[in-house]
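What follows is a pair of complexes built around chain A, which joins chain B in one and chain C in the other.
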Partner chain A sequence: MKKIIKYILLDILRNKIIIAYTLLLMVISMSLFLLEDNASKAMLGLLNITIIIVPLVSIIFCTIYMYNASEFIELLIAQPIRRTKLLTGVYLGLVASLFIATLIGIGIPVFIYSPDTSGFTLLFTAIALSTVFASLALLSAVMTRDKAKGIGLALLLWFYFSFIYDGLVLMILFQFADYPMEKTMLALSMLNPIDLGRILLLLQLDISAMMGFTGALFRDFFGSSQGIIFAAGNIILWMILPALLAINKFKNKDL
Partner chain B sequence: MTLHFKSILIFWGLLFCTIARAATITVYPNQTINAAVQQAKPGDVIRVMPGTYREKGIIINKPIILIGVDHPVLEGEHKYEILTIISNNVIVQGFTIQHSGYSSMDELAAIRLKNVSHVSIRNNHLLNNFFGIYCQHADSCVISGNQIESDGTSELESGNGIHGWKCDHLIIANNSITGHRDGIYFEFVTNTLIFHNNSFKNIRYGLHFMFSHSDTYVKNIFSNNGAGVAVMYSHKVIMHQNEFRENWGSSAYGLLMKEITDSHAEGNLFYRNTSAVYMEGSNRIHIIHNRFLHNGNAIKLQASCEDNIIEQNNFSGNSFDVSTNGSLVLNRFSKNYWDKYEGYDLNKNGIGDVPFRPLSIYTLIVERNATAMMLFRSPIVNLLERAEKILPGITPESLKDDEPLMKPLPL
Partner chain C sequence: MIIATNVNKRFGKLQALDNVSLNCNKGQTIALIGPNGSGKTTFIKCLLGMVIPDSGFITVNNKNISHDWHYRKQIGYMPQMSRFPENMTIEQVIDMVKDIRSDANESMDEELPEAFGLKALYGKRMRTLSGGTRQKVSACLAFLFNPDILILDEPTAGLDPVSSEILKEKIISEKSKGKLTLITSHVLSDLDDLVTEVVYMQDGKLRFHSPLTKLQKETGEEKLNKVIARIMQNQ
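After this line comes the complex of A and B, so read on.
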């Protein structure tokens, strides 16, 4: 498995796209920090990048890579390697490459200009979202044989988590406006990794003072050790579950 | 040497200015001020030499001048009220007054002015008192140059820095107040000038007005207070060139105006407040030439407000410029500079050709459903706002600035 990870990682790093992505992140983060006089404002700008661009690039890139590597994967299947190990290796290779890209692209500017809790929360969120969406990409690539369909599914997933989900939440909030929705909101935020990351970061910034009663409830929850463990566990589930599903499906897949 | 010289100068100055025949009584640390007051005749000067005086309450019942040399300490031992003035025409200056008593029954203060007029309290240091300077039924008094500090932690266990109750014609100038419940608290205080004070890090409000009409406050700085400045149930209040800074917290305001009428706010600076101006039930207020920088909400204008004019202000770097809670708008915005304005100016007259709608739809949503605040900065919210800006459907049609400025005003 180590060899597979190594090979995939080297293959991706040789690929120009991931380097371009790293540079893009770096340029955007640097310019945000340099343009805004207030680090907190720059963090809000970076938040937008983290919750839109990072998931999009990571899910599309991983799906396309999976399809492009399908011949290579078929070749490896002919070798005496277990399918589980093979796909896990591919997944971990993808995650490792995205991890490096985010760490350099966002990590270095954050480390230079805002090395505090909010900065590291942002970095953590970006890395976690990359991993989660790589995992979702794996699932969509394994589920469909057709490349166009697979990429379409990946795009749809991204669109769902970035836009549709929040729209649904807004609708639910208004439908049940007469009921106390704070706890429900907390639960709903767990069902979308992007929301969870966004809220975690907003609570770190001083803008959180504007978030009223619900904000205070969230702050209390995520301020306690239980809350942190719960949120972290939730994110890890989001990283592992789709990948596990994909691996399970891949085991019995007729290639 | 110089200090001594100065105090002699002040002493002689006062002597000539006030009453030429006044005698001078000097009090040393082994004597008591109370005895000196008893011995004094109206118009006398009492000089108190440096030292600590524990007198279980000093009562000044005749018009005298009480001068502290090098800030002698009047100690309250956390038990009683320290200085009570019940005579007109008194001057108290240059003392350190500390550790007044605390009581939940009486409002014990470091200095109390009780039914008096023409009293001046100046250049004192007030440390860790329950109430600082308490004026009740005071008329034509001056409170200036005092440094009032306390280390209050809760609203219940600390009093106000300067407290006015049923007063008229006070001048409160150049004081610095911190660590009290309210920096300056006014109830039924009229025709008063509050000038050049610095009220910061108080537990509740930097300045608190209740039923206090025709007051003016100018060039004060209110920063880092628990909930900012509150002006309530008053009319004809004039607010000029004050600074409201860093009143940041979940229920903090820069300036809270509740049931205020016929007032005027000009040339103020609002910097980094959660809500810079909050208006409720306030009518006919003229808000002009103010700067709103980096606030959460620049103006929260509830639908219960009427006939307010908001013009020629600069709004920049605020998360939300204006928010309201209804569809009725009876106020007028004009000729403000909004950094979020995206219009154009074809005839180059400095005024944008398309109106600006400062109300974002998201603030309306949050106003109706507070939990929706958790979708703050979500991409869907940005989309909604864009759509609403292009085709306003939900936000009130009349809430707009017809003549937005293209460039910020030089304020």
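After this line comes the complex of A and C, so read on.
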């Protein structure tokens, strides 16, 4: 499996998209830090980049790469390798490349301008979201044979987690405005990795006071070590579960 | 070496394999023939675990192959349409497969790359290669690890006459080492000096499986294409 990761990683680094993505992240975060004199204002801008651009690029890039790697997969499937190992290798190769890109593109500017807890939380969130969306990309690429459908599904997933989900939560909130919703809100935020990342970051930036009573509740929950562990466990589940489902599906797929 | 028992596979409405049972032994060279869409490639893909049969089972060296992968160490496969990672060079592809496949210092069979003169093209990227050259790379990969079982899906399609002869020579020399070879081809004249057994498939069913000498005797013909033509007329 290490060998497969190595070949995938080499192949990805040879194609220029990942380098362009690294540079894009670098330019955005550098310019944000340089334009704002207050580092935490720049962090807020970076938060939006992390929440929107990072998931979008990772899910689209990984889905397209999976379809382009179909030749690689077909060549190796007839060789003595376990199918699950092959796909796990491809997944980990993708995750590793995104990890490197985020570490350089966001990590270096954060390390220079804001090397504190909120900075590292931001970096951690960006890496976690890249992995989660790579995992979702793997699932959508394995599920659909048609490239256009697969990319469409990937876009839809991103759109759902970025916008539609929040709309749904707002709708529920308004419909049940007369009831105490705090616990439900906590539970609902766990069902969306992007929301989870956003809440963790906003709490770090100390602007949760603006979020009212729910913010206080989040502060209470995510501020405790128990809450942090719970959130981290939840995001790790988001990284692993879709990938596991994809690998399981791939085991019985006809090629 | 290979025993397939009641293998069924259905793709939507199409019954691609209908109760196929086949027994292949060491030292045989088996021609798998039949019209287009008769299930030859599907059967081969089942042998390699690329397509998973709906029912029935296949054993290679007395081991059931479902969800196993060790048995593929003994198989060299040359696909009908070889697809390779497009921006790797020939050398990188060959080295990668070697790297991934070999456990220890196995002896590699580098006869074919030499014979095809592929070494001169090693630096070329796969996407720049012609269909015939791809086919040569694919053949080299199939023979590289000295496998006991060779599965060749239309090996001579796209090869020029010289290369086609080189490949045939190679198959004959491997046969004399007691290996099992499965070949599909539509160019029956290519198979003439190679095969010992004939398997005929149609509409996903296995019509017959018998030694070539027996078929020659029954039909009174010498050449494989005439033998098959005679049988198809009689049906």
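Keep in mind that, in the parts below, the second predicted complex is superposed on the first by the 255 of 255 C-alpha atoms of A that agree within 3 Å, B and C clash if a C-alpha of one lies under 4 Å from a C-alpha of the other, contacts with A are read in each partner's own complex, and residues count from 1 in each chain.
In this text, a residue touches a chain if its C-beta (ideal position, glycine included) is under 8 Å from a C-beta of that chain, and two chains touch if they have at least 3 such contacts.
Worth saying up front: this structure is predicted, and the values here are computed from it rather than measured.
In this overlay on chain A, chain B fits alongside chain C without clashing.
In the overlay built on the shared chain, the residue A:D254 is in contact with chain C alone; chain B does not reach it.
Of the two partner chains, chain B is the only one that A:F174 touches; chain C does not reach it.
Vertex at the C-alpha centre of chain A, arms toward the centres of chain B and chain C: the angle is 180 degrees, rounded to a multiple of 10. Set against each other, chain B and chain C differ in how many residues of chain A they touch, and the higher count belongs to B. Looking at the shared chain after the overlay, A:R83 reaches chain C, while chain B stays out of its contact range. Of the two partner chains placed around the shared chain by superposition, chain C is the only one that A:I4 touches, whereas chain B remains out of contact.
Think of it this way: put the two complexes on top of each other by chain A, and the tightest Cα contact between chain B and chain C is 38 Å.
In the superposition on the C-alpha atoms of chain A, no part of chain A is touched by chain B in one complex and by chain C in the other. Taken in their complex, chain C has these residues touching chain A: 11, 45, 48-52, 67, 69-73, 75, 77, 79, 83-88, 93, 96-97, 99-101.
Against chain B, the residues of chain A that register as touching in their complex are 38, 41, 44, 47-48, 51-52, 162-163, 166-167, 169-170, 173-174, 177, 181-182, 185, 189, 195, 198-199, 202, 206-207, 209-216, 218.
Contact residues of chain B toward chain A in the complex are 248-250, 252, 274, 294, 296-297, 317, 319, 365-366, 368-381, 383.
Within the complex formed with chain C, the residues of chain A that make contact are 3-4, 7, 11, 14-15, 69-72, 74-83, 251-252, 254-255.
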